[in-house]
Each structure stands twice: as structure tokens, then as C-alpha cells.
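These are the structures in question, set out in turn.
Each of the two complexes below includes chain A, the first together with chain B, the second together with chain C.
Moving on to the complex of A and B:
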């Protein structure tokens, strides 16, 4: 049985375990129909030209974990941003771990989707927001919607901000031979509210993991959202991250994606601007080696006037790694005075590494500023000579230049401890001694 | 200190240096002057080991050791310093971090431990004061957005930090106003000593009023066509380079 058939037959069992009277039931049923019709995306589709899910479909994934697994905090502490106090929503093999988590209902809700789905007090919010910005025809998104049951639920009411950042962590223990996970997150940030979120997926053994995640983010008027995705997984782990963001007037949403590992990572990051004076910021640092593959597909849809978007993705590709950047910007006819910027710079440090980069601009308004640029290159020889002439050996000079190249994307990271952590990961990846303060 | 014999160098098969002979002893300051395109900057880059230039003939030796096989960083470790005519901008690396890396890599090459942090800070403070460099400047990205004068001052700051045995200053005076020129010259003169040598490459005589050379050489079409003492620089200032070109044509 291939993975699609397995998922379709599992759906019946899945539905039997959830509340059939819940309005979400209908959403799920619609979604599975769409997935049944479309199946997994294939390389024949333009959007999946450079990323193949064929190998993933051959693996006999367990769709529901058979047993509850536990982890000791000290074993996994290093995957947390433990230098500061944070709220934590932690899942082990897809199951919520209250022992490792720290949630809250004190003025804000930092808790679970399963709670939001089942408790009457959240019913109205679920009806208003759940599956409202996520795609209803993209096959992997609908697959996730069909199985949506667990994930992070974050609700920040008007004028509120949680006292500390929130971490969402998914661990795969490897106690199942091969495990497929489908977390579903819903994040609502009301008017003039603010939140900072860090998300990480981490496999702990060599067994296969495939995560198909969907996150919906709603930023109301004047809201500020900072979302950090840390992708530094083992080489047995694949991730498809589908993130959908709806923004209203004068809101600011910044998403930073740090892709340093994993076998296959696909980021579908979609911004929909439904208001004026919105700012959308998309930043990415990708550093790959071995046979790792990362595919960034971004979409910014400018649907109202006077908004901005800023995209800055930097990539360093070594060994046989492959990268894709596809940045789509749509500016509707009504969206005059749009400023949309997109930059994708790449360095290839191996003859066998490849990058495919493509800007895709669809502009229907006439009074807009849009710029895009992509570069694929080697390091600047003059800069290298300059560093060498000061006694820095070629290898270290090369690393230092790459470090500097990637590092300036971090300027907009607003959690200093996270910035330091990411800096260290980058330095480590590139073999730079970061004995200095930054 | 430095001995250059019959040096021929090319870039992409274009011959630039066509038989340079130059001997620089410890304690001496040599000025190399000459019109644009005469090969001054090429000579500086070849001594520092830039790979783009190919040495076709001849040799460069530092304290008796042939440099041909040495990478730029190894030449630096042996005590060669080049102050760039056009210092490269490196966003993302601060002046301080760059200097720490450079100092510690040089120490490592000499089998020494990293310089302790407090000692490093003291050194940076001392040398930045010498060059009248603002402390804020040290946490900026290397050369990024620096004015011409700031870049040159930063070059001499690096020189002061690394204390080279042979410093080559490539057009260090260009882009400097008179105050900056005085500061830079003061920094260079502090390094002068019986164990060090300096090569000043310049188009104009101006810098040589502050860094007084022991010898002046005129480079033209890849060769040293005339050598003399500091009076030669004044003569060049007065007459320009044309009379030399005519003289060599004959």
C-alpha cells in the first residue's frame, strides 16, 4: 500500500476517534476529498519541479504513534532556547507532553489545538479562524487539515503581549520505525497585540520522520508577530512546512527561517495582506551540505494599497546539497503604492551543489516599487586576499566571509539569545571560531 | 630585509613588471613614485602575494627567504603588511572582530596562544588612540560605508596592531585631508625603527614631507628608471614625470 492509500484508509479510523458532531468534522471531510483527488504533488507540477516527494511516499510510515513516549528534559535541553525563560508547547511523537511544556491562560492563551477543538469556550474562535487562510486546494495542506487534531494554539487578545517568547517543539523519538507527523498550529494576534514564537522540529534517532505541518497566523490591526523557524534536523528527517499568514491594517509580521539541516525541507510561506500600511518581512538563512535539500517557496499577495514586503534570503550550498528559492509577489490592481522587495543571494562552495532561484512577479498596479535580485556566485576574491594579507589563512578567511554573508540576515532577530544561538550554529557550520562577542 | 631581483610579473598575459631590482634594508624608508599605470600597485600586490599576478621571472626574498611559494597569509606571518589603495568593504565583520581574528591567527602561526581578551582590548585602545579613531568606529563593519579617509586611517590602525617588519603603503595619502594625513603619517612614523622597513608608494610628494624617505625610486613602464634620495621627489614634483619618460625613451 502506498502512503496515499494508507492515509486515506487511516482517515476513517482517525474520524472514529474524534467528535463527529464537531463542525471541524466537515472541514476535515472536505479536505480529505481534495487530497484523495490530488494526491501528493509530483515533479510535473511547476511548484514542485525541483523537489521530489517520491522517496518519502515509498516509506512505510506509521501515521499514528502506537505508544506514548517520554523524554527526559536533560536529554533534549540543547534543542530548547534554554538561556531565557519561555512558554513551551512540546510534542513527543505528535503527542503533547505536559511534563516538558509550560502553557498559560493568564491573559493570553498558550495551549493546545486539541483543547481549542473540543472546549466550548473556543468554539467561536475556531469557527472564525480555523482553516480560513490555509489553502483549500493545495494537496498537502488539505492532507494536514483532514488530520488536524493537535498542535499549538496561541491567542493573544487586544493590547496584550505574553511576558515571554513561546517555543513550539516537536520531537520524534524514533521508537516507531518511521513516523509521519501532521501538526496544526493556529495563532491569533488581536489588535495592537504582540507575540514572539520559535518553532523547531527535531528527530532524536536515525529512524525516518516526515512532518507535514500547517500553521495559520492572523495578525489584526497594529499587531506585531515575530516567528522564527529553526530547521536543523538530522538527515533522516523531512519537513514540509505550510505557513499561511493573514495581515490586517498596519500590522507587522516577520518570519525568519533558518535552514541548516534535514534531508528534505520544503517551506511554503504565504503572506496575504488584507489591509493597508502592512509590513511583511521574510528572511532566510540556508546553509547546507551532504545531500540536503531545502526549497523555499514564498508568496506575498499585496491586495491593498500602501503596503510593504521585504524578502531577504541567503544561501550557502556545499557538497551535494541542493537549494530552491521561488519568490512570488502578486500586486493587485487596487494595491497602488506597494513597495515590494526581494533579494536572494547564494554562494556555491562545491561543484556538485546546485541552486535554482526564480523570482515570479505578477504586478497589476501601475504605481508600485518592486525590486528583485538573485545572485549565485563564489566568494569575492579581493575580499579573500584582503583578509589573507592580514594573516588570516584562506580556509578561515573563506569561512569568515561566508559567516559575514549569512550573518547580516540576523540583524532583525529580536530575541538576543536566539540571535547568539543562531550565530553559533552558523559559525559551527562554517568552521568559524566565534570566540568574540557579536 | 627585502630583496627583489629582476622581477617580471603579468596579469592575464599582460606584462606589467618588466625587471624590477630593489633592495630595502632594515631601518630604511623607500618611496616608489611614478605615473599612473607604471606598475606601482602591481609591485605592492605581488610582494603581498596576490594570486591574480603571475611572477614570470625573477625573485622576491624577505630576510633571505624566497617568497614565491608562500600564500598571502604566510607572507603576513613573516612580517609583510600591505596598506591597500582600495580597502575592501566586508559587511558583517566588525573592525574589532577582524583585528582579533587577524592577531590570533598570526599568533597561532607562530605557535602562540590566543592573546588574552584584556590584553587585546588594551592594545586596540592604545592603537586606536594613536590613530585618533573613535571607539564607535571599531564596532562598525569593516570599511563598510567608511569615507576614503576613514578607510586609510583604518589601514594604518591595522598596521599598528600587527606591527609588521615590512610595511608597504599603497597610495595611503589619496583621499586624505591635511589633518588625516598628519595623523596617518604620525602612525606610520611610530613604527619606524632600526628593525623595520617601509615602502611608500605614492603619486605625489606630499606624503613624503611627513614620512621622510631615505631613498626614492621612479617606476615607469614596469621598471625602476631612476633612484635617488629625497631630493628626487622634489624634482619630480617640480618637473612632473614627462622628462623621465623622455629620458628613458632615449
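Moving on to the complex of A and C:
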């Protein structure tokens, strides 16, 4: 039985387990119909031209974990940003772990989707926001919608800001031979509120994991959202991350994606600007080796006048890795005075590595400033020579230059502890100790 | 381009008349539709050898199995391939027609472009009284070319006279299986040019279809084959700045360029076919496959100015097969009213130290859609490949669109690729600056557009560049109010 059939048949079992009277039931049934019709995307589709899910579909994934697994804090401490105090929402094999988590209802809601789905007090919000910005015809998104049950639910009311950042962590214990996870997150930031979120997916053993995650973010007027995705998983883990962001007037949403690990990673990052004077910022650093594959697929839809968007993705590709960047900017007819910038710079450090990039502009308004730039190149020989002539070994000099290359993306990380952490991961990934704290 | 209902009616009337004219010589027009018999008949009509007939039939069979491509960013009503007549004799001059019958708008445009009266008549299919000029020019040309050993003739003649060359090269760069329109063209092409430059020869003049040496107008399914043998050079011009109102709605041409070791081909195109009226009615569909193959140390340079056609689908490409080969692409695409253009290039780097440059300028006005679609591919063995791409779009008015779809694929670590794209409009301060100095807005815009396109216009042969510049002005006339 292939994965699609398996998912379709599991849906019936899944439906029986959850509340059939819930209005979400209808959304789920609609979604599974769409997935049944479309199936997994193939390379024939333009959006999946460079990324194949064929290997994933061959694996016999468990769609639900057979048992509840537990983890000790000390086993996983290193994956937390433990230097500072944070709220934590922790899932072990897709199941919420109250023991490892720290949630709150004090002024802001940092809790669970399962609670939001079932408790009457959240009913109105779910009706207002759930599945409102996520795509209703993209097959993997609808697959997630059909199985939406658990994930992080974050609600920041007007003029509030949680005291500390929020961490969302997904662990896979590897007790199953192969596990498929489908977390669903809903994040609502009301007027003039602010939030910082760090998300990470981590598998703990060499067993196969496939995560198909959907996150919906709603930023109201004047809201500020900082979202950091840390992707440094083992080479047995595949991740499809679908993020949909709806922004209102004068809001600022920054999404940083750090892709260092995982076998196959696909980031679908979609921004919809539904107001004026909005700023959308998309930044990413990708450093790959071995046979890793990362595909960044971004969309910024400018639908109203006077908005801005800034994209900056840097990639370093070694060994047999492949990197894909597909950035799309759409400027509607009425979105005059739009400023949209897109930058994608890549370095290939191995003959077997591949980069495919497609920065795309679709512009229907005339009074706009839009640009995109894209480069593929190597490290500057002169700079390398300069460092070597001053007694820095070639390996360190190379690392230093690559670090410098990725640096301006790191500059905008607003949690210092996270920045240090990312720095360390980069140094590690490049396989050097530069002798000082980067 | 003003085009009133009355004029449209008039044109329809003339068209009907022409149709009647053809029925008199029945044998020269084939019935509508396409099947193996028609392909055979075309081949027979052209008196082609057996292998060519087989080649066409093979292409036809491939075409039958293919589907029309839909990936381009253009929308149009699909042509009915069974409602087209695939062969008709070249248009004879109509003795009853004089310049007074021609649309005065067209004549006005000719005047602006500075086209001579004779040329105007030829373009409008009006009998030319004094032919001495063009005939003498043609004979001198032919003599010079023959002395150098250059072969320049219609492709149908080349099939007869130089079958070894045609057989060796035709379909090697654009195979029959390449795409839907290339397959169709391979099956039914009737007209086109063939050009061969022998080893070490530098073609002394710009070979051109404008001062066309070989008789007959541009065909609906044109096939061009240019071969530059080792260390030779040729500059080839295609098209014409003057607007031509061809009643053939579908144009599917194939152009193949072959640059052998150390050779250089410069191919310039100016396309100004009927773009449809202000409401977007009518106009030519231009679906062209153009590709060049570069051997060691050779160079192919494409320059195009696209202002006509209702729908354009065109990607002049370079396969940089030999080491140190160079590919260039310079393009200006102007769309106005309801025109749609999806154009760009492919640079396939296979050899070592290959270089490519892409400069594309898109100008959209009215309610038109202008897309740049390009591919830069560096294969794993293409050491030190270098590419620079620049795509700039200029938007006039808020009902048009500019789109960029650049694909960049690198598989070699020594590759250096740069891509830049910008989209903007003409600055109000720029226009104000011109106005202040007594230049009216329309002139100011022409001035700015010319500056914007300068990089590409500079690449055109001299006499073409002047006309192309005027053409840009005319194409955008009235687009800013």
C-alpha cells in the first residue's frame, strides 16, 4: 500500500477518534477530498520541479505513534535554548508532553491546538482564524489540514507581549521504525502585540521521520512577530514546512530560516499582505553537505499600496548537496508604491553540489520599486590569500569567509542567545574552530 | 495604431478579394487541414527527394502525439490546426491595387520610418513600377557572395542543390521532437533561408531577408538554417521594421544556427507583425524556436527587437558545447494594448570556460503582459563557466504587467553566475526635467525609453538601429496620456 492510500484509510480511523460534531470536522473532510484528488506533488508540477518526494512515498510510515513515549529532560536539554527562560511547547512523537513543557494562560495564551479545538471558549477564534490563510488546494497543506489535531496555539491579545520567547519543539524518539508527523500551529497576534517564537524539529535516533507541518500566523495592525526556524536535524529526517502569514496594516513579520540539517527540507513560506505600510522580512542561511537537499519556496503577495518586503537568502553547498531557491513576488494592480527586494547569493564548494534558483517577479502595478539579484560563485581568492598570508590556515580562512558571507543574515536575529547558538552550529558545520567566539 | 471598424471592414473586403484571386489558380492552394497526404503533397510540390519526404512524415507523426504547450505566461484562443491551409503560392502583385488603397495610417508609419516608396509598395503587395533598383542591387549582391563561395538561397533550393549540407545539419540543433511547434514546422515548412559560409570566409555584407535576395515573402512556417564553417563570420538580419499585415494568424518558425570552431554568427531580428487592434482583436501568434550550437572558440550573438505580434513565444538559445565558446542575447520587447510576450533565452553551458551574457529590456504599456523567461544551466563538466544576466522592465500605466521567470541551475563549483532584475516606471522627475527644457511629454518618454534600451540598440547593425529606435517611439505612441 503506498503512502497516499495509507493516509486515506487512516483518515477514517482518525475521524472516529475525534469529535465529529466539531465544525472543524467539515474543514477536515473538505481537505482530505482535495488531497485524495491531487495526491503527493510530483516533479512534473512547476513548484516541485527540483524536489522529489518519491523516496518518501516508498517508506512505510506509521501515521499514528503506537504508544506514548517519554523523554528525560537531560536527554534533550541541548536542543533547548536553555540559557534563557522561555515558554516551551514540547511534543514527543507528535504527542504533547506536559512534563517537558511550560505553557501559560496568564494574559497571553501559549497552549495547544487540541485544547483550542475542543474547548468552547476558543470556538469563536477557531472559526475566525483556523484554515483561513492556509491554502485550500495545495495538496500537502490540505493533507495536514485533514489530520489537524495537535500543535501549538498561541494567542497574544491587544497591546500584550509575553515576558519571554516561546519555543516549539518536536522530538521523534525513534521508537517507531518510520514515523510521519503532522503538527498544526495557529498563531494570532492582535493589535500592537509582539511575540518571539523559535521552532525546531529534532529526531533522536536514525529511524526515518517525515514531518509535514503547517503554521498559520495572523499579525493584526501594528503587531510585531519574530519567527525563527532552526533546521538542524539528523540525515534521516525529512521536513515539509508550510507557513502562511496574513498581515494587516503596519505590522512587521520577520521569519528567519536556518537550514543546516535534515535529509530533505522543503520550506513553503507564504506572505499575504492585506493592509498598508506592512513590512515583511524573509531571511535564511543554508549550509549543506553530504546528500542533503533544501528547497526554499517563498511567496510575497503585495495586495495593498505602500508596503515593503525584504528577502535575503544565503546558501553554501558542499559535497553532493542540492539547494533550491524559488522566490516569487506578486505585486497587484492597486499595490502602488511597493518596495520589494529579493537577494539570493550562493557559494558552491564542491563539484558534485547543485544549485537551482529561480527568483521570480510578477508585477502588475507601475509605481513600484522591485528588484531581485541572484549570484552563484566562489570565495574570493584574493581575500583567501590575504588571510593565509597573515598566518591563518586555509581551512580556518575559508570558514571565516563563509561565516562573513552568511553574517548579515545573522545580524538581524534579535535574541542574542539564539544568535550565539546559530554561530556555534555554523562553526560546527564548517568543521572548524576559529579560535574565538564567532 | 488606429484601426476603425470601417478600416477593418475594408481589410476584410480586400482579403476576400485575394481569396477569390487564388481560387483561379486552384492548384496553388491546398485544402485546409493537415494529414500525411498534405505533408506528402507539400514535399512533392517542392520537388523534394525521398529522404526529405520521410523526414517530414516522421516529424508529422511525432507532432500528432504531442500536446500544445501551456506553461507560457500567455493566454490566447488556441489555433485550430485543421482549419489552416498549409501551402499557398507566394502572393502575386495585384495589378489593380495602388498605394491609394492602402490604409493611410500604415503609409504614415512608413513615412515616419523613412521607407522608400518602392519599398512601401513591395510591402503592401502593390505592383512596383520601377524595379531596376532592387534588381540591380540583388545581382551585385549575388555576385559578391558567389565569389566568396557563400551559399545563400531559399531552403527549398538548398535541399535540391546542397542536399549533403542540409542532410547533415538540419534538425541537429532543433530536433523534430523538440517541441510542439518545432515538430509542426518540421513537417510542413515551405519557405525559409539557407546560408553556408565556407571556412575562413568573412561575409562582406549583412545577409538580410529585408533586402531579400531570394524571392517571396516570409512564410507562415519558415525554416532558417545558418552554418558558419570554421573561422568564418556572418551577420544575418531577419525581419523588417515596417509593419506587415500578414493574414496568417499562426507563425511557427524554426531557426537553427551552427557555429563551427572559431566561427562567429550574429543574428539580429526585428519583428513587427500585426499586434491586433486596440481592443486586442486579431493579431499574429508568433511561436518561434530559435537555437544555436557553438563549437570550440565560437560565438553566437542574438539580438532582437520585438514590437509586434499579439502573442509572442520565443526563446533564442545557445548551446555552448565547445570550450571557450560565447553566447550572447540582447533583447528589447515592447508590448502595448493587449499584446502578450513571453520571451527570453536559454544558455546551456557544456564546455569549459564558456561565457554568456543576457541583457533583456521589457517595456509594457496599455494592458499588455510582458514576461522574461530564461534558463542558465551550468553542467558539471563546464569548468569556469561565466554568466551575467540583466533583466530590466519598464511599466507604463497600471494595467500592464511585467514578469520575470529566470531559472538558474549550477552543477559546477567554479561557475560564476550573476543575475539582476529590476522593475520600475519612468520617474516623474525625469519627465519634469525634460518638460522644463521644452521637450513635450511624449518626446521625453521616447527619449527615456531609448536610453533604457540603448544597451541593446547598440548591438544592432547601424541602419537597423536607427529604424528600431523610431519603431520604439511609434509602438509606444499614445500609451501615455
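Things worth noting here:
Following the convention adopted for this analysis, the second predicted complex is superposed on the first by the 433 of 438 C-alpha atoms of A that agree within 3 Å, B and C clash if a C-alpha of one lies under 4 Å from a C-alpha of the other, contacts with A are read in each partner's own complex, and residues count from 1 in each chain.
Methods note: a contact is a pair of C-beta atoms (placed from the backbone, for glycine too) under 8 Å apart; a residue touches a chain by one contact, two chains touch by 3 or more.
For clarity, every value in this text was computed on a predicted model and none was experimentally measured.
When the two complexes are overlaid on chain A, chain B and chain C sit side by side with no clash. Contacts of A:353 after superposition on the shared chain: chain C is touched, whereas chain B is not. Annotation for chain A, partner touching more residues between chain B and chain C: C. Judged by the touch definition given at the top, the superposed model places A:44 against neither chain B nor chain C.
Residue contacts after overlaying the shared chain place A:77 against neither chain B nor chain C. Within the superposed three-chain model, A:378 lies in touch with chain C and out of touch with chain B [touch as defined at top].
Contacts of A:407 after superposition on the shared chain: chain B is touched, whereas chain C is not.
By the touch criterion defined above, A:333 lies against chain C but remains apart from chain B after alignment on the C-alpha atoms of chain A.
In the superposed pair of complexes, A:361 makes contact with chain C only, with no contact to chain B. Once both structures are fitted on chain A, no C-alpha atom of chain B lies closer than 14 Å to one of chain C. Interface of chain B with chain A (complex): residues 48-52, 71-73, 75-77, 81-82, 84, 87-88, 90-93, 96-98, 100-106, 109, 114, 141, 158, 162. The part of chain A that touches chain C in the complex is made up of residues 46, 333, 336, 346, 348-378. Of all residues in chain A, only 380-383, 385-394, 396-397, 400-401, 403-405, 407-408, 433, 435-436, 438 touch chain B in the complex they form.
Partner chain A is touched in their complex by these residues of chain C: 71, 378, 380, 393, 395-425.
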